[in-house]
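Residue numbering begins at 1 within each chain, and the chains themselves are lettered A, B, C and D in the order written.
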Amino acid sequence: MSSIGTLFRVTLFGESHGPGVGAVVEGVPAGTKVDLDAMRHELARRRPGQSKLSTQRKEEDEPEILSGVLHGAATGAPLTILIRNTDVDSRPYDATRDLPRPGHADFTAWAKWGAARDHRGGGPFSARLTAPLVAAGALARRILGGVRIAGHVVAAGGIEVPRELTFEQILKADAHPTRCADPKTADLIEHAIMRARSEADSIGGVVECRAEGVPAGWGGPGSAGLESELGRAMFAIPAAKGVEFGAGFRAAGMRGSAHNDPFEVDAAGKITTRTNHAGGILGGISTGMPIVFRVAFKPVASLPRPQDTVNLSTKKPAVIETKGRHDPCVVPRAVPIVEAAAACVLADLKLLAAADPPGGNR
Amino acid sequence: MSSIGTLFRVTLFGESHGPGVGAVVEGVPAGTKVDLDAMRHELARRRPGQSKLSTQRKEEDEPEILSGVLHGAATGAPLTILIRNTDVDSRPYDATRDLPRPGHADFTAWAKWGAARDHRGGGPFSARLTAPLVAAGALARRILGGVRIAGHVVAAGGIEVPRELTFEQILKADAHPTRCADPKTADLIEHAIMRARSEADSIGGVVECRAEGVPAGWGGPGSAGLESELGRAMFAIPAAKGVEFGAGFRAAGMRGSAHNDPFEVDAAGKITTRTNHAGGILGGISTGMPIVFRVAFKPVASLPRPQDTVNLSTKKPAVIETKGRHDPCVVPRAVPIVEAAAACVLADLKLLAAADPPGGNR
Amino acid sequence: MSSIGTLFRVTLFGESHGPGVGAVVEGVPAGTKVDLDAMRHELARRRPGQSKLSTQRKEEDEPEILSGVLHGAATGAPLTILIRNTDVDSRPYDATRDLPRPGHADFTAWAKWGAARDHRGGGPFSARLTAPLVAAGALARRILGGVRIAGHVVAAGGIEVPRELTFEQILKADAHPTRCADPKTADLIEHAIMRARSEADSIGGVVECRAEGVPAGWGGPGSAGLESELGRAMFAIPAAKGVEFGAGFRAAGMRGSAHNDPFEVDAAGKITTRTNHAGGILGGISTGMPIVFRVAFKPVASLPRPQDTVNLSTKKPAVIETKGRHDPCVVPRAVPIVEAAAACVLADLKLLAAADPPGGNR
Amino acid sequence: MSSIGTLFRVTLFGESHGPGVGAVVEGVPAGTKVDLDAMRHELARRRPGQSKLSTQRKEEDEPEILSGVLHGAATGAPLTILIRNTDVDSRPYDATRDLPRPGHADFTAWAKWGAARDHRGGGPFSARLTAPLVAAGALARRILGGVRIAGHVVAAGGIEVPRELTFEQILKADAHPTRCADPKTADLIEHAIMRARSEADSIGGVVECRAEGVPAGWGGPGSAGLESELGRAMFAIPAAKGVEFGAGFRAAGMRGSAHNDPFEVDAAGKITTRTNHAGGILGGISTGMPIVFRVAFKPVASLPRPQDTVNLSTKKPAVIETKGRHDPCVVPRAVPIVEAAAACVLADLKLLAAADPPGGNR
């Protein structure tokens, strides 16, 4: 179904060109402070039109709380967030209703739902649905307390950050419009984005996310594991086509002797690992080291150039030229989305761990 | 929880050194033929000790049906499979109960469950639990009818298959003990595995899986999507650390104009795409093109050499030398496991699609 | 969690005195007509202030569709309904925040959520949340097609309908403000309600509901059964304290020889039962006979008279006199609610049966 | 699906005449003592053949633990219980495969699953599946610690216990073969059972269950409520046709002024209610008073006399005379089953409450 989480459960709804988008968030503990400014801050980070690098669609993205909050705190009941669509122009989509855009869900929405589908701007497949996810993420962060989550762009258009960055460096990724935390690479990526735009093209990229402060013992074996739960949530983000944890695909080329993270005791007497190729996860359960994962995003499918398609009614070849407003590269805006999805999953695992408290480090 | 699927739901249970491993499989349509030989065939493909490349632990892996089958066909009720553990030697694990093996779940199991955990051979984190998954996969294949699923090893120890293989070539992957379908690469990988073994080391690798015959329209937006459901199931396989669909991480370096798959009409009048960078999935829904994905496995963590660890009781540095029987490379045996997990997810999506039949290609 | 259903899944949200109440409805098949007038009709049946028998709180109950609908039909994506609270007067509740009303959830909400709870008018425990359930029920009825669902009041204030009514009689229950379909009993019940009101008191009652046209084969064994699913949904209605199917509690006093419904073949050649003590359900699965069940509602807890309570802050005895607007008897308004809950459950079971089509009557 | 519970989740499997019956129990906290003798004790209470009042089918009902336990304690992983069927005689059922027994699921199993169904002795609809439920209940009781759960027979064959019994009296219900705790009524019920048997007939009855020691604050609004969760679990018990809480159906005939339970402060300074018409539940949440509910069971459908049915193949009228071994009254054996189902639900709610600790009584 359309939900993530067992105890902290987020159900998204809405469409790109309907009345709005929103989320029902269940499991917010009673008394949790609901900080609308924190929510607005995350929504602003996700919002298009922040820089010359992204689309100029203007959305106010003002979250309206429909339920579950009283006097600024969660009541314990389902918490509903609604974000109205205020700058909707559906006209470009009506003319091309029968012309599925390559790389978009237009064709598969038709295959699944036929004529009844909402064809306007991606309908329920739109990245617009990540707005309420980001709002829910702000709630999740509050639940997580001491856990800090930060993402940054580590690759785009074939350009990669050539070194591992510290968590403090990653925290400053917002300083650059690309959200790449390595200044030199950031400039190269910015250049690549501008060039793609000037060539009526787009590029993809990779977002890395780290969560610091997750204690050992969250998660579980099999499909209850951190990789399963985080992986599921990440692949629910539009345009995500790859997810890897720790050394990830690179691990596939490593020797066990190099990949295994030896255990040691740190200065505080806590058991930890010397390296973190595991990305903070062993057997689906957190080790206490930073959770580290990367999400690969395909290049934006909407291109302001003619592309080959097929007319769904006539079954004849056709050409479509997307007229909507779209970013040439989605990854800078994907950073707060990946963080939010991670926060939601981790908040759920924190509540699950509270129901069956970790036993080892006691 | 420990289940995958909504209608075709698989719940795994068991431990490496307990009485056995098994699965409760709900949603097998009444009358589905339960072919024990097909189940045994898949279990044999997964079983260790098949070649000099893998551990010599001998398991009979005979599936016992505890419920849900009468006269060789599913009755419609929950179908339970039990596979007894017959060659269990737990002694090596008792001596090292306080010494977590690097790269294993020993430490995190202790962190989560404390002294009560089953420490023997990975307990519920053992790859042994993939045996009932493989048995469930045989049921899922039967439900899928015309859908064909095949996996193969595309990389191991840093050696990669240098070209894309046809589905017919992939179907022959079992011919080589590495399950690499490209003969030259297969020999190189076999050599790498043998060398790793001789050096008391291990290597990781990548399994690619394709599903042919999935019609357009299975799956759904967001977390109901094919990537989310397949990703969740793949990350539930022990040692999986990366999953990518279609062009995957490579897509992150591509231009949209190159990545977008143009639509066209095939000879049979069906709408299809010229290329398949999307891996057969747009917006979480199948396009009708082959579903293509890859799973990265880390190198086997158990190494027959001394490794640094920490004694959980004394919190002092210690050294562990794994005495159990382990493969130097898991990916050849991972092929039928990845296929089985994919079959289970796709069978679920087929049943879900039957409840709300695809509308577009009508 | 706060949802009912597996494929047709309804998640309710909202509070009595917050911005509004609503529902996210997943699984509405694409193309299902969304008839706002049908929704309004059901909401009007549920609405207070329809007659002298019920509270004069005026609510417009205009359903706003926030997602999942285009051009009057369901798109297949989650369908969200919002009903604003327009006639909210929270002042009476602020003064009595520390004084839990006997028979209400005021005390248990405090026990569960403490000071953060929404204390106003029952918060999320309010019968106001049945408004979006009723709206969802209108969608469910559309999915159910030929299945007809009708409820009526069979008892209130100790007065019972003395005979079994035909389905056609039940369909006319709305003709009387009590929704009792037996005119004589209806008048007696109306009198009992008026007397209870004049004595600053309230009465309870029983709603019977029948569903005609459910084919044999919906449901399943154990907790997947019709009784489990319908029971769960009915007990989620505020003030419901008993549910029984067919002969129900009366069956407990019967002999098997009298209770068993003998099978026979009807004029159309269909296997049916001579009697229907089973209420159309055997083994959790529909028999093809009418589904029949009854829901007992306790008397309305809010009384315009002083009642003994305890001050939550001081832990001292106190007296509360409820000032809100409340019905002296809830059962007439409960009829469309019970029907809606039944429709939602049956729509879910219809979709589940479509995924695994019934096999016997083929 | 076939499971109950969110965190403490019980999935039943098996058939009356297959290899065995069992349960996968997820969410047993690591370290929970798994007392096989306690399990055997509950199984013995449920077992047929204990007295002249019940069938002479002899089952050893020895629970085998297949997973999740080490050295007598739960490991935290899914815990699987298998109970082999040892005294299976399927021959009587093969001859009557086409003759559905009135009042049984034979017909509906055929309607749902057709020829593939397991027709032997009720297949998955058999009360035999309550054996693993009772075993799971023993685990749940251990998790519940101080909560005491006891059931007793309050009515059978039209004979009712005429007064309310104390919890201490109820705890002694096992002393009489009828499990009626009121000696005089017990003898009358025993007589009624014997007479029904001698007349080749059967009777139904009502089991009342109480849970003492549940603190205020477990459960939640709507379908997360105690009535919904307990109701769903109770209706999953074969032959259950009615469930009521507190005053239940009797409440429907009461005045609010008589039904409302006034709050007061007890000697220990705890807020409590003077009466308990609510059965310990307000708004789906426990009040801290005893949870009280009753389950109505229909008379046993299997009768050793000719009954009218229809031949499923020929669609002609037929007569069936059940030859299997069956109790003339199920309610004495239903007592431990109802208790077990209640224990499972309450253990789940206890774990859920631990994830979001109650706030009011702090």
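Simple rule for what comes next: a residue touches a chain if its C-beta (ideal position, glycine included) is under 8 Å from a C-beta of that chain, and two chains touch if they have at least 3 such contacts.
Owing to the predicted nature of the structure, the values given are computational and were not obtained by experimental measurement.
The chain with its Cα centroid farthest from the Cα centroid of subunit A is D.
With A-C and C-D as the two chain pairs, more C-beta contacts join C-D.
Centroid to centroid, with C-alpha atoms defining each point, subunit A and subunit C lie 39 Å apart.
In this assembly, the C-alpha centroid of subunit C lies 25 Å from the C-alpha centroid of subunit D.
Within subunit D, the positions touching two or more other chains are listed as 1-2, 6, 12, 27, 30-31, 76-77, 109, 112-116, 124, 221, 359. If you check the complex, the residues on subunit A that touch subunit B are 1-4, 6, 12, 100, 102-105, 107-116, 122, 124-125, 129, 155-158, 196, 201-206, 215-225, 227-229, 231-236, 238, 240-249, 251-257, 259-265, 269, 271, 273-274, 277-279, 281-288, 296-303, 305, 307-310, 312, 315-317, 353, 358-362.
Only residues 1-2, 9, 11-15, 18-22, 24, 26-27, 30-31, 64-68, 70, 73-80, 82, 109, 112-118, 120, 123-124 of subunit D touch subunit B when the two sit together in their complex.
Looking at the complex, you find that subunit A touches subunit D at residues 6-7, 27, 29-31, 76-77, 221, 351-352, 354-356, 359.
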